[in-house]
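Each in structure tokens, the structures are laid out below.
Common to both upcoming complexes is chain A, partnered first by chain B, then by chain C.
Then we have the complex of A and B:
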């Protein structure tokens, strides 16, 4: 199957997946989610006022009508308005998404590049001292709670209890200098907690690739260690590496940034999602879930295309 | 694609991302001479629309962005009302039913595109009428109707007749552009307090029609500040250059040298507020992050997290900071305007007030035994840093009707008495009912429940019969207790105004769920007293009635109550202010000053 046709087929599957995800999430939120009327009700409310609120929110309509209406609005690019403060959801997410991207991008890249390099190092010296050192460090990293890392770094690097080098929290970015000031500590936190996972994963991939016939042949031909690792092993291991990298993006953008944004007071998507969960803000939650699903579908397409380019055997029947 | 071009593309994407992620808005930058006060809040507002200003957090901002007819004097304690947008206190008819309020002239809304020419117009009495009517408009999602419902002539009928703003009700009229008249169904002494709340802040109709529900993230008011930006992490307000000139008189604001003399407030005497150019309000819900930010000097004010009390206090009575902190910060403990309590659900036959008199008496004994078994002092020590004030009943120490000489036995931990009471009424571990206790999911809420279970185990209540019900959000919890699904409802009440009526209405029968009477207490004696006291202005007679109601709640053991949380507030020594974190505290922002222009 040609690549365009293959991607078209995947796109069709992705659209079905999106429909399924939206239906499932809408059902869960409507049937089991919080009753927003109670969230918005005043202190001394009455049943009549609760009914008015439900009517105003459109929650008095039948489920299918609500879903069809929401889907129609979604198709027109209208994500509705936040139940909490009335802000259009597209504006809310449009403002938060670049902040999250700028926040997690350095940590994501560093965590993966360092993890890949350490994984390669450990795999090359498998069973040796380097391997044990890297694996030991990885296990230590895996054992650390994200929250503990964040608080420890905040205290050590951002307060007079420690070095007091960076702002404790906030996002007052107006140039590269202030960006570095605000992004460094969150980046360090992200790298510390993801490095262990990444290193172990990449090590496993590299170990598997190192044992394959083409690599043995290359070594028999006298290829240098660097040539073996970067030309043969890394290329042959591209499929799992790319898959992991790309599939991490939606999770890192939404859930991965949640704690960072909450503790560092950064107004990104994770904080938006967290606030929507705690306040039962359904339009925002639905938008975040849909956005995550869209990202997964997009990433799936991107991964398929990248893997097909990296390895023509990928996806072949 | 060559590696060079790949790298260039990646850099371009990164720079583009950074540019769009910049958080500073045009005109937001500080100048060397500007004064910026940074205030940390332990929660975030929902909507900034005054009609939805139901939380402390929203109210703090709303009363600074908009005008209310009245406000509270900055320093006066007990709280005292003062004119704000109103030209003076209202003229009240002899029968107490008609309030005539004159408005200040020349007060203008801030410039905004919502106005035809983008220029803010004068605030009129018609705007006040419009703003109050919004609470009765079914489409406005307003939350303050309960303050005026069944109180103002024709208001409820106005709603059922279709909520036509062009035909206001008889009892709420603008006599002219600068005179408002309110006619009441019966005397309502708290009316003037309600007109000092964020709910009663004055919005122009043009803004509501232009922005609809988006008004929740904008402001088109006439308050001392205007909104620059708001997101999930902070709000930025800038001085409203058109705010009316009203120099400060410390004496008029209730200044008392013995109490307020250490805070440098004399520096604002005779000057015209607001004094700072910008106020940044950081919403920091996590205690550790809030403290770290304050300690690092990034915020000027903090309500100290209880977890830090050990570290920051050298002594609690009298309150004294450690020497290191005292050099940098002022501290003050303020009694919370409200209290925490656990109401028994009187509609639950297992614990409430069933029709069978024998069972009702046994249930009452069970409730009283549980109240005796509850150890408020331990609760205070472990969850409120030991600085809370335990008091009997539901009239907290912050209001004038509080009786300091009241018998304290209802809040004395008496497990022996509780066991005896249970035994006298035939309650045994076997026949004690299963009771449910709900809470929104959080570690501290769970800890409080487990502590309660421990207290009850001590009086012989089997822990397995006290069942936790955990809810994902406060709204879910609210729904559960509003539907009578819980036997015990633990909650806190933040007072809307400093009048004991505001806490006593929590036990008034007609306010039963989904109203604020979460325990569905329906006691004819209490209700009769409440109705008798309702039209009375503050007086000895009213206080007597209030205290009688308080005793009824205690006698019937309608709730395990109560604790007044003392809030420990710390602020930087470079800031000149007297903070107040209560519902009405937002009015203090206009009086905040910095000793010198400061860049944090």
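Then we have the complex of A and C:
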């Protein structure tokens, strides 16, 4: 398939995906959701005033018309304004996104690098003592709940019952020192909870690649362990590794940050989403869901491009 | 098949440990459901004793009794989600794999892509909006989020098997498609379904705990998520009973499931390497 045609097809699929996500979330939240006009109106409103408000908000229009109008605003880049304080949603998210990135990036990178190294170690000594140790540790890691890890780390590192080294919650960052102070505990939690999954995945990739003929030949010709691992195995395993790395970005940014930021009171995207959930702030929630889906589409395209660059065999029949 | 699977599990040390652990925990959950322990009546913040193994909480309730009730909740919610997600995934995956790239299959792929693009917490929140909270909303949200991974695997396996001789023969003698799918193809995916069931169970329990903690949707009865939510205040005041009981049992249950999943994957040679 020619490249332009291929790209066109990818874009078409991306557009269909966005249509599905927005239709589903709009249906659930707006069509079947609570009547926001009732809450906006405040107390002591007559039925006539409520009707008037609904008309001015456009809530009396048929569902498809409301959806189409919202979609039109979305296409022009207008995400609407928060129901709770009237702030434009794009400003709200624009302020929160850098915080979330700063919060989850170290843990994301560290979790993957450590997982890769441990996976390599286990695969190299497959069936040996190192392998069993790493696999056993990862089963224990898989059995830890994110919430439990967070609470345990908070007790051990942030309270007088433990080492009491870091602040228990919050995000008052104004330099590298305070950044390290606030980011360490969430980073540790993220690394601990993702390490089990990452290690097992990287080990599986490495075991598969190590069994291939070219690798066996290289080892037979006396290539060193480092040479085999980093030039032959890692390069040939680039496609699954890149795919996993890129596909986990939206999940870490939204799902990962939701619990971390809610628990530690950090004003990022996850906290914005959580506050919108508890207060029933439809425009904000719709925007978060839509932007997550946009991110998924972008990640798909990016993964494709990255895999093509990393591995010439990719996409070939 | 299931007898064979149990035998396979029993042969590996990890699988044996996992099965015994799960059996003990299930027994405890069943007992506490059949004869609920009285959890009231103690003094506030009583320490650990023979009478109250993990002490009592803020309201003087016995923490061990509540943790066991939480286990029953975890088994109920996890079981329902697993049943729903695996059944839905098997049925739709088989339909898609029967005629790959036909219109129904393309629609299925689209639906799966859409559902996979919505994080489960946000989906649960949206469904809780629509269904008015409650246990049904979070169970439905988890089923709708988790069935896609089973469906993808079953679809690939059915697409792989449909060119085999036994399927071609069945078609040649004129057996209707539903019969071939139900009698000849789906039983051949049983190993996938078994592994997916344990993995879905793990995901459901972990998600239920976090959803309950965040207060998105509510389950009936006591949940480990609620106990952990209470414990976040307790631990700052030096009371660790709630935290230790809930997180310890949660860990044991997940460990049992993961050991079983691991042994099954080893036995059936199923590892998600290059996906």
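Here is the rule we use: the second predicted complex is superposed on the first by the 281 of 317 C-alpha atoms of A that agree within 3 Å, B and C clash if a C-alpha of one lies under 4 Å from a C-alpha of the other, contacts with A are read in each partner's own complex, and residues count from 1 in each chain.
The definition used in the following text is that contacts are C-beta pairs under 8 Å (C-beta built on N, C-alpha and C of every residue); 3 or more make two chains touch, one makes a residue touch a chain.
Treat the numbers as computed from the prediction; the structure is a model and nothing was measured.
Chemist: After the superposition on A, what does A:151 contact: first (chain B), second (chain C), both or neither?
Modeler: both
Chemist: Taking the superposition on A as described, I'd like to know which of chain B and chain C A:180 touches: first, second, both or neither.
Modeler: Neither partner.
Chemist: Given the touch rule stated above, what does A:68 touch, chain B (first), chain C (second), both, or neither?
Modeler: neither
Chemist: Looking at A:280 after the superposition, I want to know if it touches chain B, chain C, both of them or none. Which is it: first, second, both, neither?
Modeler: Touch partners of A:280: chain B and chain C.
Chemist: Return first, second, both or neither, reflecting whether A:86 touches chain B, chain C, both chains, or no partner chain.
Modeler: In the superposed model, A:86 contacts chain B only, not chain C.
Chemist: Taking the superposition as given, does A:3 touch the first partner, chain B, the second, chain C, both, or neither?
Modeler: In the superposed model, A:3 contacts neither chain B nor chain C.
Chemist: For A:254, is the partner it touches chain B (first), chain C (second), both, or none of the two (neither)?
Modeler: It touches chain C, and chain B stays clear.
Chemist: Return first, second, both or neither, reflecting whether A:161 touches chain B, chain C, both chains, or no partner chain.
Modeler: both
Chemist: Taking the superposition on A as described, I'd like to know which of chain B and chain C A:55 touches: first, second, both or neither.
Modeler: A:55 sits against chain B, while chain C stays out of touch.
Chemist: Using the superposition described at the top, list the residues of chain A that contact chain B and also contact chain C.
Modeler: Chain A residues touching both partners: 34, 151, 154-155, 159, 161, 168, 262-263, 277-278, 280.
Chemist: Give the list of chain C residues in touch with chain A in this complex.
Modeler: 14, 110-111, 113-114, 116-122, 125-127, 129-131, 202, 206, 209-210, 213-216, 225, 228, 231-232, 235-236, 238, 240, 243, 247, 250-251, 254-255, 257-259, 262, 271-275
Chemist: Write out the stretch or stretches of chain A touching chain C in their complex.
Modeler: The touching residues are 13, 16-17, 20-21, 24-25, 28-29, 31-34, 135, 139-140, 142-148, 151-152, 154-155, 159, 161, 168, 201, 204-205, 207-208, 237, 239-240, 243, 250-251, 254-255, 258-259, 262-263, 273-274, 277-278, 280, 285, 288-289, 292-293, 296-297.
Chemist: Please output the residues of chain B touching chain A within their complex, sorted ascending.
Modeler: Contact set of chain B toward chain A: 14, 17-18, 20-24, 29, 44-49, 52, 54, 138-139, 141-146, 212-217, 231-234, 282-286, 288-289, 292-293, 295-298, 472-476, 478-479, 482, 496, 505, 511, 514-516.
Chemist: Contact residues on chain A for chain B in the complex?
Modeler: So the residues of chain A touching chain B come out as 34-36, 38-47, 49-50, 52-53, 55-56, 81-82, 84-88, 95-96, 98-99, 101-103, 105, 151, 154-155, 158-161, 164, 167-176, 179, 261-267, 271-272, 275, 277-280.
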